Amino acid sequence: MKLGIVVGSVVATRKSGNLEARKILVVRYLNDEMAETGTAHACIDTVDAGEGDVVLVCASSSARLTAVTKGVATDSAIVGIVDTVSSGTKDLYRKHIARPR
Amino acid sequence: MKLGIVVGSVVATRKSGNLEARKILVVRYLNDEMAETGTAHACIDTVDAGEGDVVLVCASSSARLTAVTKGVATDSAIVGIVDTVSSGTKDLYRKHIARPR
Amino acid sequence: MKLGIVVGSVVATRKSGNLEARKILVVRYLNDEMAETGTAHACIDTVDAGEGDVVLVCASSSARLTAVTKGVATDSAIVGIVDTVSSGTKDLYRKHIARPR
Amino acid sequence: MKLGIVVGSVVATRKSGNLEARKILVVRYLNDEMAETGTAHACIDTVDAGEGDVVLVCASSSARLTAVTKGVATDSAIVGIVDTVSSGTKDLYRKHIARPR
Amino acid sequence: MKLGIVVGSVVATRKSGNLEARKILVVRYLNDEMAETGTAHACIDTVDAGEGDVVLVCASSSARLTAVTKGVATDSAIVGIVDTVSSGTKDLYRKHIARPR
């Protein structure tokens, strides 16, 4: 999976492939030092994520292996909200503050 | 999914893989600030999109999960027409004007 | 799908995955202004394409959804020969001359 | 598969797609001279790998073909711990020292 | 498929996903002028290839469609040994000399 940060959301009234009623968020990918890269994807949210959350994004056919995305025409799903990313004894990322939903 | 803008169309008389009678549009991808990138794809349209529309493009096997693309040899389908892309309280993109079809 | 131009062919006597007797062509990809890019793929031909043809290439598991590629270990198939690519009222590409086969 | 080196780990309490209880490691990819590249992925560990290990990473739907990842919404799994990578009579990489687990 | 040249091999004792007893080779990809690129993959060999061979590499789920890779957690398989790559009347590559195995 890729690590990314949620930076926005998409509204699309006209959709096909069972995308109706799915929440679509824009995720900007992070590199392994947790810096933002220039690429982003529109992903189906399956874990109630929000802007600013660091998330795990699953691509390809595996993106359909959640209750929310089963049978849906999507190639990318947010499948986890990240608490910490650590390397050795160092935390590269830690989710400090409870974000109101 | 990727965000892209429809920039053209493809006519191909000789086709295989059940591509007959499918509308094929050329989509140029957008980055997360909604600026056009240098890459593009030929995608099956499943939502009656047209040139100038900002769309959601689904790749991989999931591109076949629509009524139009079922069993079709395509790796990319337009699965939504985007109304707005927003980040926080700011709209990065808003579809202003009804485009005649 | 990607747009590409057929630039060569591959002969491989020792093959597996039901690739025997399949015609393998080298396709150089085009960008959305129909200029050649630096990347290319070896693709199974399913539409009797030839050198110089502009073609549609389908990747991933969908590449197996033709009569020629069913059950074949290939990740890319030529699934259409392009007649025109147009943007608005402008033709970016038009296949002018009947190529002898 | 890609060759990579394990550089960290991810903790994510809120997950979907059967990712619960899976160990997620951050893998930085290596090029064919075994030098680290700038890209990385979060991968499900299926072979009890640890930081510093050089590993084989399987992507796409094949990432689900292990006992640990069956039915899991992941697009990348660590499927091997590398002992040696050699080219001709030269070893590009050799795992010298037993790493305590 | 991609064209590549076999440049090395991988030994990994600890494996999962039915990778046991599979020969894993490192393949450096070639561009369409048969020059080596900077990217490489670890691929399951299904055609008894060796170092120096120019090969066809199949990626994604199709990599599992050989007798050797069926049910195996791999996203890339060597599915052919290339004899010639030609463009028009010119040979870009020709396998001259029988390599001892």
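Per-chain residue numbering starts at 1, and chain names A, B, C, D and E are given in the order in which the chains are listed.
Please note the rule applied: contacts are C-beta pairs under 8 Å (C-beta built on N, C-alpha and C of every residue); 3 or more make two chains touch, one makes a residue touch a chain.
Quick caveat: nothing in here was measured; it's all calculated off a predicted structure.
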Chain A on chain D, rotation in degrees - Cα superposition, rounded to nearest 5: 70
Rounded Å distance between chain C and chain E, as computed from the means of their C-alpha atoms: 21
Geometric centre distance via CA averages, chain C-chain A, whole Å: 34
Touching two or more other chains - residue numbers and ranges from chain D: 59-61, 63-64
Contact graph of the chains (line, ring, star, complete, other): ring
Ring topology as an ordered chain list, initiated at chain D and continued via chain E: D, E, C, B, A
Chain D-facing residues of chain A, complex: 1-3, 31-32, 46-48, 56, 58-68, 77, 79-88, 92
Residue ranges of chain B in contact with chain C within the complex: 7-19, 24, 26, 28, 38-43, 51, 59-61, 63-64, 71-76
